[in-house]
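Here the chain labels run A, B, C and D in written order, and each chain numbers its own residues starting at 1.
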Amino acid sequence: MRDVQLLAKGFSPGKALGLFAKAHPDAGGIASFVGKVRPEADVKVLELKAYPRMTLPGMEALAADVEARWTLDGLLIHHRHGVMRPGAPIVLVAAAARHRRDVIEAVDFAMDHLKSASWFWKREKRGDGWHWIEPREQDHADLSRWA
Amino acid sequence: MRDVQLLAKGFSPGKALGLFAKAHPDAGGIASFVGKVRPEADVKVLELKAYPRMTLPGMEALAADVEARWTLDGLLIHHRHGVMRPGAPIVLVAAAARHRRDVIEAVDFAMDHLKSASWFWKREKRGDGWHWIEPREQDHADLSRWA
Amino acid sequence: MAVAVVFLGKLADLSGAAEASLPGPLDWAGLLEALPPSLADEVRGERVRVALNGELLAEKTALRAADGSEIALLPPVSGG
Amino acid sequence: MAVAVVFLGKLADLSGAAEASLPGPLDWAGLLEALPPSLADEVRGERVRVALNGELLAEKTALRAADGSEIALLPPVSGG
């Protein structure tokens, strides 16, 4: 089962993960990653802009790529866009499968691609206004591990 | 915060993970793995024997090793022993930290070591009685990745 | 009918709006001419990619946008 | 007082019990003598490790178990 969602509003990763686990009672292993807005000294809110017409199809294509590389029973990718406060969940990725290594690697791969090769633009509101965030070198290095 | 438990009774990974997330509101990322008894055609129950006097200190030592290798805000390792039915949770590992790669690698490392280098002995009850499970070659291969 | 132009990321700041409507049909030269000079310079840069109706163009200068279509101007993504 | 011997994994099947109590003090030769021959053969094998009071012995033949101590006989683990 594939569950890919681009969300405009806040969501509960724990609830989504619970439903995902319930939907895959026969999977021997479930791996997950939850990413949240990190509380940083001067950051009031974070905004992720998406272009849903490309962002969502891009997430679907990523999911298809993950499913082609690993044998999974289920894959979930939920990603927020819009304005978020520190502590708010941004992304939940979960994979269910028979084998442990498949699910951990699938989540790792999906996160690396979401962080550096998906259609999101990020800006932060600090004391002195909005600032666009440039791509991080580390994210590109993470992505190149899979090439 | 380190939370290492050797559990004699059934537990809810979702509940434990929810409490772990609540305890680390400032972590940017939380990775987790849940391993359950896989439903297999002829397996009625699985038994994991522990020697708590060594099994629990071994789990604590593993947690300390993980914390030394990665910068984490929190680490959780819960592992069952005793008799379990198909579908029952065996293990939950979760890590919380500022950085995504730290938490995913920490969970990956902890699982590889729990699966092949921890003090558990496993047997299955099939139609024709109990059978002890020998170590899997794949588990040793997984472990050697970290050497 | 017209051509919708969607400005993503910081291009929206440079254009002063998230979207614009331009008379169609529109090719690459026509698009650059219709944009404010500073924005056109940015869009010309190799880091900005272009999509037509949700499909990324391999060669943005080959843009041919018919009436009713949507152009997206995509600066480097900063990640999810 | 006595020495407790804990049989882990399939060694418990071979011994017919999860634990035994043997008169102490006990060394390696004394332990092997006190076990049924088939179990002693297994325990002698290089795959079986020995712990004293929860501490793994680097060299199991150096076992010296005082009265009141606990010996654990550990076959290869099969993983969690």
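FYI, contacts are C-beta pairs under 8 Å (C-beta built on N, C-alpha and C of every residue); 3 or more make two chains touch, one makes a residue touch a chain.
Bear in mind that the values here come from a model prediction, so they are computed numbers and not experimental data.
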Q: Taking chain A out of the count, group the remaining chains by whether they are connected through touching.
A: B, D | C
Q) From the C-alpha centre of chain A to that of chain C, how far is it in Å? A) 27
Q. Quick one: chain A and chain D, Cα centre-to-centre, how many Å?
A. 50
Q. Using mean CA coordinates as chain centres, what's the chain C-chain D distance in Å?
A. 76
**Q.** Interface hub residues of chain B, defined as touching at least two other chains
**A.** 35, 115
Q. What positions in chain D touch 2 or more of the other chains?
A. none
(Q) Going by the touch definition at the top, which pairs of chains touch each other? (A) A-B, A-C, B-D
Q. Which part of chain C faces chain A closely enough to touch in the complex?
A. 6, 8-10, 12-13, 51, 54, 56, 70, 72, 74-80
Q | chain B contact footprint on chain A (complex, rising order) | A | 13-14, 17-18, 21, 25-39, 87, 98, 100-101, 103-104, 107-108, 111, 115, 142
Q | Residues on chain B engaged by chain D in the complex (per definition of touch) | A | 35, 48-49, 51, 53-54, 57, 79, 90-91, 114-123, 132-136, 139
